[in-house]
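Before anything else, here is the set of structures, which you'll find just below.
Each of the next two complexes has subunit A plus one other chain: subunit B in the first, subunit C in the second.
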Partner chain A sequence: MNDGSVYSHFQFTTHIGAMMDEDKFDGPTSNLFTHYNLFPRSIGQILHSFEVEELHLTFTQGRWQYDDWGYPLAPSAGTGVELWAWLNDDKQQTNANWKGLTNTLSGLFCASLNFIDDTISIEPKMSFRNEGLYNVHSAYDATNANSTSEKTPRKLRYGSLPHENVCTENLTPWIKLLPCKSKAGIASLLKSHKLFDSRFYSMAVHVRPVCEDELCRIKSLELIQTITAVFDVARRDGSYDWTLSGLFQRGITQACPLASTSDLIVHLPQTIEHPNQYELSPLPAQGVHTIGSGDDKQEIAVYDLKKVLGGEPFQLSLRWENSRPKSVRSISPGFTAHRYFTGFGQERGGLAIEIYNNNLEDTEAILLDTLPWYLKLFLHTFNVEVNGKPLENQKDIVKKMFYQQAVDRSRPAVLELALNLPAQSKIKFTVSFDKVFLKYTEHPPDANRGFDVGYAVVTVPLPRQQGQIGYGGLDHLRIYQERDASLVQGHGDGDADGKDKVRLYTETLLVSLPTPDFSMPYNVITLTCTVIALFFGSMFNLMMRNFVVEEPKKTTTTGKKKKTE
Partner chain B sequence: MGLLSRLSKAQKRVIFGRFVLNWMPALSYVMVAVSFVWLLALPHQSYSKTTYVSENALLPGSANVQFNWDDNLAAEAYRDVVSKIAALPSFERAEALQLEFSKIGLRSATQNYTLNTSTDSRRGVNTYAVFYAPRSDGTEALVLSAPWTSRTLDTNTNAIAMLLTLGKVFKRGSHFSKDVIFVVSDGDAEGLQAWLRAYHGNEENTERRSEETLHVRSGAIQAALNLDFPGTGDYNALGVFFEGVNGQLPNLDMINTISQISEGIAPVELTLHDELVPYTENMTKNYINSLKKMLYMMKYQAAGTPTGNHGLYLKYKIDAITLHGIDRPDWPSQRYNLFRLGALVESAVRSLNNLLEHLHQSFFFYLLSGVKKYTSIGLYMPPVIILGVSFIFQALSLWGLSSDLPLELEAIDEGRKVAVALPYSRRSRNYKVPATVIGMSFVAGWASFLLLTTGFGFPGETPLLKLVASTGVCSMLIPPAVYTARIRSQILKSRKGKSKKTDSSSNETDLTPAADWILLKTFILALSALIVTTLSALNFSLAVTIGVVIVFPYMAFRPSSYSIISGVQALALMAISPPGLLTAGAWWYSKDISLVLNWVLEGYEVLGSWLLPMLCCIYWPLNLAAIVMVLLPVS
Partner chain C sequence: MILLSVWFVVLLGLPFWWKTTRVYRAELPNEDIEQWNEWMTCQPTFPITINLHLTSSVDSIPASTGIKDGIEKRVQELNANHISKAKFPVKFVTDQAWSGSKEGDISDRPSAIPGTYDFYISPGSDTIATIKTHRQGFIQVESWDEDHIVGAVTEIFNAIFGTEQRVIQQLVHAADTRGAEKVKDQLKAVKYAPGYQLTFSLFSGDASNGVREWKIQEAINAYLTPVLKSMSVVSTFTVESQVQHYASLTFTPQLDTDQKEYYLTPNSLPNFINAAEWSLASTVTSLPSLNFLTYVPKPSESPLVIKSGPSSLRSKTNSFLIPRWGGITILNRDNDTIASPQVITEKELKPLMKVFLTQLRDLMGLTDLSAVKASFPIIFHKASNEVPTAWELDNLLRRRTAENLVDSLATLTSLARLVADTPNMVVLDHIQKDVVDALKDVERSCQRLSEQQYVEALTASRDALVKAETAFFDPTMVSMLYFPDEHKYAIYMPLFVPISVPLLMAVLRELKKHKESKKALAEKEEEEGDKEEDKAKKE
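Here is the complex of A and B:
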């Protein structure tokens, strides 16, 4: 990438249940999971028991710098953990299933996913459409009267934990899902020590139903596992050179024998003016491919690991003349979104979301923002500014608005907007809120840090192959694989006009609510305890002790006094 | 016990009333003395404790410092770059610096701002850059800032070079949990203020002020360090400045962290403000030293104008201090170069980076008599409260004087004479004069405030002229008030004389209302008590200053039958009126009055300091009322 970082993306795809007949297929029910083969059984069982049709789980640490890096290959880049799933609602047990799903995944991935409870789970109305088979079906629905979506009512659940840290403990169970673990293939590069020393790290598990042929007669369930890491190679000595073994401290010695394909693809830097600034060694046998055209041209080098490897560890390196590039084509993402809090103090605040459309045409987009219930939004303060000027008629920009009022301690506020972004504009939404004074038990540990508020998600359609480093959607890699070209058609999150829906994630934010002095309760407890002890002691003494007037004549012993009592 | 219990309730009241009348004035003077002695005892070593780092997460100086000799060389190279850039006009300067930041690989931008005050118009350009901590969520940030001009009015070359170098150093590591924002602000304080306003989404675009929206942002700012290393040379010591707008103070742990680091990992001589004290054997035990340091601090705090750009952060609940390089070439001590300072600042940032929560553990209210000596709020509040209570006691005794105590009304009960207290006062109080005087003087105070802060656009309009005008407005109030009151009392006297003649049976001469000045003085004292005690919680030093200035004049002065004495008292009160204090201040610092006035006005208009509104709308009215009071007729 332009700032000298190296972006690495691992993607593993596993299919299950090929050769399914369309009429027999009624969601991922029993008959699908009869034979696991390479598909991890742990995932399969979860899908089966909680009637999950589509599952997307992403762990991310760090922020994706859209301005510097363009769009990520991985579809999700929001900091923390993001989980969304389409659940079968046949038996109207979605809520129970969702709860079970979060708890089980929490155990499987050693993460605090069980904290995704009702207070942060939402059901987006426009964002996070399903990416799998059913899109194809709905396309068929237009022509065929029989609608599968009616047959199997589905519900979407979405939840995110912005402050979840991702570490080795999450990576290990993730690797376990791979057929070859980290023993062979590109997975052998996954060394946590180096992966977590990067600028951005994201790993994901996506499960979705797919078609194996064009008419969708054969269906299967696809498990895609991705790991994305951005290494800052120039950090130590300012040199932009990198080697595979230097990045990962490991080499690839053999391809995973169970894999049907095992490719390593290098996106070559897009230099301008000075053609031969760098040297890639070894060059791939087939030479360098070029994909895209015009400004979006991108050169790639593809290595088929099954052929390249011959016992020796695979060495790959890229060296620059003078160890720094002279000129590289700059990345200018068409859309960027930022979000920040306005105001100060602990009583009230405001939220501002800025969306930039640098493209030359108007674009539809969907904005989804979830705010926890302890921020009381005032919808009447919702304002839209275009290029710094307040907009009088909000309908020009906000085509549709879905707003879910928060309910204290049970559900978050959801603001979902269908937008029309004018060409080359900056749209700014502002809304103000009051901060709630929480019960003291509701504060998290380290209460004075504040509360993390998760990202907003902007879904924008982007034309395919915009020549950026990549753009979301799980199908991006297929453009390199011609043999799968037929499957790309009508697949995934794309529109009919060859556009991919890309999700932009804004920053997560920190909000500080009025925080009590937590040493106070302990002061009070100690004080009250002392007072009670003194009070109780003396009262007990007064009530239980028998005061006897001792006559001066009777100088009796204590033993006799006891008798009188 | 026995005696008291047998006395009737009424008798007790009589005794109490007598006690109040006889002893309260004396008691209040004793309390003033106690409060003064207590205040003077505050800097004493037995009163102040040694500071300690309260927040465990800070771990000052425990991280290995990355700032090495190469970085020192880089800093020296940057120093040349910065001195070259510094000569450029604002905009080009900011652009050039932005380029330097982006060369390091930090995301940087500039911000334009304009601020029109009633006296002048200021515009400038800030430069800022953000170091995004790798793998962090970016919800928290620290700020390192440096103004272009140092407090010594030199170019802040070393500090800006330091920011650039630290940007480079931070970029090397992957251990930061918080982003670091570098801000180089233009102008005096308005530059950083414009940046902070925009960062918190409060930017305005009006005639009075306009601030450009920020294009690069980070998370919630947890703490800030403001660097002030003037020139390009080495320094004898490092001064810590911490007093903010309106006397707000940062968390004491900020200072503790720096002092701990300066004793350990980056040994540097640290001092409060820019006062160097010659080294002596038992310097920490030296009372005069401590007193001096504490007085400096109280002076800065009372003024309500920050001693550096750090003071602007405090409003946003960001703890901040300024580190100022003190350069005294003739001072006999070791000198420190950028290498040492770089290590110190880096270590401090690393410490703050360790924070798990916002700084909340240590003290927010303290008085410092040395870098490592503090007096906490529990110890310094009593004297000022005692001072406030002494006002109240004085007021109460005057209030009692205006009622019909002593109430020795006797009744015969079982053949004994028993004192009976009435549940009401038979002597009416006349509020007309005191209420009008107080009301009018507050109106005059407000008027003078408006006069001072409004720009009328007349040719030759200066703040000084406006001050003269507002003094005129205020002083115009005095003669009419005094003469009306005098005439009124004459009329009352003559009327009373008449009524005496007609109705000789009533001999309750002492039931005529008390003299006007008594009630007026009661009000003045009660209001003074209110102001001093309320202010003590907001800005302790200002409360103490005001309390000390007004306590004797307001308590002791009363109208005299000798007009000379009254006149002298009035003059003394005028001396402690805001214009009088202004003149005194200008004389003390041997500066022009208009300069001092401009400074006060700027404090209000640029920084939002409450000193001017406080002086005009609260302090001055009471002072006016007091002047009227001493000129009123005695009876």
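Here is the complex of A and C:
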């Protein structure tokens, strides 16, 4: 990384049903979902019973710094938990299935995913397109996979929890999904207290259907598990050198015998001017590969762990001359996006989203922003600025607009825009909102902290820059595998002109709503009661004694009064 | 007057206050539940019909009515010592004669009604009984007279149905007395559910032992499917399998240096399941699951056997059963002799499946009839592949129905008691409906039982159990449990105490005043009296 951090990315891919020919595959009732070998049963059962076709679940801690780090390998990088899934809608039970899915995953990963309920789940119309190639549940009755994917009713559900903390209890079930657990192979490096001691940490499970050949005759389900962590190497002693065992406090002693490939890839630093600033040891037997060309040139070292390991822990280290890099090439990401709140006070506020296009050409992009119902958006205040100047005709920038009005306590506000970003520009959207006074019980236990508002997502097509570290999309790593990357990309999310859709995540925000004093109800009850009681008591007494006071001259009564007093 | 009006308003307000702050509680049919617990409404009856077919090939036919009466008398004697309300009426029918005389002559039309059986009786050299897999039996008696026939039939009847009836008696009796005394067999068998999930798991201690896959699908199809099919009358099954690599034990097995083998003692078996690491629980289904584990130890710990000490005998099947949970088998593979170290073949799985089947029978509560003893030999025909016979299934049907009835009544009783004990608990209308429906189902089941419609009775009893449990575990029942009385006092206190003090004081004062005024009046009268006396004296 440019700032000397070490970026590590683990990726585990499991396929199920590779021999699932069309003739043998007899639909969802087939034995595919009954007998499990390497594919984890827990995931399979979930997919089966909730009719999930694609599942993407990401846990992230920390914020990915696009300006410094470029784009991450992992496709999702928004802080907190993000879950989105394509559900089969044959039986019109999508909502029930989605609810079941979130609850089950919540149990499986020990996370509060069950809080993704109707009030925060949305159905994006343009973002989060499906990545898989065919439809698992309908593949059996069709010959052409592409046509079925159009026909079968499918529904997208998306939900995120920006406030969720990721910790060991989420990692442990994640590791359990791996065939070799953390007992052998690359996963043996995963030690929670080192992983979570990092600047950025992200952990994901992706399930999608893929084709194994050009015509999609052989199909399989692909489970990709990724862990991404950015370590700050220089934090402790100022030295930018690193070793594998130093980073993870563990070593790899054996490759997972169940894995077909087990590679470790080092992206070498992109240095300029001083060619031999660093030393990598040991060098791989095949030497260093170069991928990409021109400015995007990137050198990588590939270690096949099946061959390298011989019982001894694998030692890998990178040393800089004088323990720090002299000059590295800077990364200038083509697109970045930021979002912040404007305004003050607890009554109203404003929201501003800025998108920078640093490229030399106009680009289409999609912006998706979800706001909880307790922020009431005013669409008439929606404004677009280009390079600081207000735009008269919004149609120039906003090609299409999809807006879902929030409904109190049942659904969030969704703003989805298809944009045309002019070259080298900064586009700013502003919109203002009112803050709602919540009910007493709707506040969280730490009410004065405020409410987290999830990120906005910008989907942009990015030219395939294979050399650049942090180039988005999972298919990047597939280049090194036997499977041809074009098989997936041809049908999947990539465009035909060699561009991949990359999602940029903006910052999550914290909004403080008007917060009541929580001991208030009881105080009010007590106070009111006391006042009423006082009033009643005095009135009552007054009325009772009036009788006595009005006739003071009667000797009998005064005598009596004296006696009573 | 003012005081009275204020008190009037307060007293008028009290019922309103009481009404508005009360939690909603639907009435539960407590009396009905009580009655059911005593089996007042309907007694659980398990009728059995037996058709006796006496051979007509012998000339001297004993009087069939005499035989019938004799048997009925003997069977009634057997059932004389009732301990519970359960009844077992037996009907013997001797109308049909039988033209055959040998076992082979029995017609191939078995009775399709559970609880109706055919016995074919003919004379022979000695007494032997054969119980076929369907609801048919053949009895050969050594001498062709009434006493012998009656004796043989009674003995067979007792052998087949005696244990079952005792178990049901105990069940129903335990429910009567609310004792926790469970029948021993029940501890092994899982609680009844309409469906079970069977999970077959292959646990491999280490990936280095080479095991990659197993042909479980084929093995299940070959050995398990027929059994599951025949048992679908009672419960349905879903089958799953999984493979887990790197499944380590929580402890190291002991080493027997003489035999060069590792062993597990029976004491260490409870710790065998590594519940924290082995993913056995299902994430989605709510059906109770039964686990069948095959454990392939890692090379450094194999062969792994089960025995109680270094020199004692090994367990023959190398497997054990965890009551109400499932079964575990340890599979030691000799990598030198087997053809494919990577794949566990169907042939290798065959003995394992046999063990699993036996374990499944135990877990489902099927009793093995062939263990019964009589004074003469009884031969039990067995279906291939351990498929339960019609006799065993009928037995299971009756027992499960009884269990369900007892369980659902127990649930309803505890629910009623819980509601009675927790005055703050909300009881919504649908709970009441569930309880009433459950009782109706219990009644339906009980009636079907007495009509000898066992399958319908089981279905009804299952519905009753499901409804009773839904009512018991309903989420709305829990919500108000933790609303303590202290809160109420804290909220009412500031209003009621300051208001009630002056009210009470005023009442007291008024009373005092009243008393004093009475006194004063009396004094006055006295004074007046005195005065009058004085006057009189003066006059």
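The rule we apply is simple: the second predicted complex is superposed on the first by the 483 of 565 C-alpha atoms of A that agree within 3 Å, B and C clash if a C-alpha of one lies under 4 Å from a C-alpha of the other, contacts with A are read in each partner's own complex, and residues count from 1 in each chain.
Going forward, a contact is a pair of C-beta atoms (placed from the backbone, for glycine too) under 8 Å apart; a residue touches a chain by one contact, two chains touch by 3 or more.
Since this is a predicted model, take the numbers as computed values, not measurements.
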| item | value |
| --- | --- |
| First, second, both or neither for A:Thr79, with subunit B first and subunit C second | first |
| Subunit B versus subunit C as contact partner of A:Leu379, first or second or both or neither | neither |
| Touching partner for A:Ala285 - first (subunit B), second (subunit C), both, neither | neither |
| First (subunit B), second (subunit C), both or neither touched by A:Arg63 | first |
| Subunit B versus subunit C as contact partner of A:Arg199, first or second or both or neither | first |
| Partner chain in contact with A:Val524 - subunit B first, subunit C second, else both or neither | neither |
| Touching partner for A:Phe344 - first (subunit B), second (subunit C), both, neither | first |
| Touching partner for A:Lys176 - first (subunit B), second (subunit C), both, neither | second |
| Subunit C - residues contacting subunit A, complex | 2-3, 6, 207-208, 212-213, 216-217, 238-243, 245-246, 248, 277, 279, 282-285, 490-491, 494-495, 497-499, 501-503, 506, 509, 512-513, 516-517, 520 |
| Complex contacts: residues of subunit B adjacent to subunit A | 105, 107, 132, 134-140, 171-172, 174, 200-202, 213, 217, 219-220, 315-317, 356-358, 360 |
| Subunit A residues touching subunit B - in the complex, by the definition given at the top | 3-4, 61-63, 65, 67-68, 79-80, 162-163, 196-201, 232, 234-236, 338, 340-346, 350, 352, 388, 430, 446-450, 452, 507-512, 515, 517 |
| Subunit C-facing residues of subunit A, complex | 31, 34-38, 40-42, 45-46, 48-50, 100, 104, 107-108, 176, 179-181, 183-184, 256-258, 522, 525-526, 529-530, 532-534, 536-537, 540-541, 543-544, 556, 560, 563-564 |
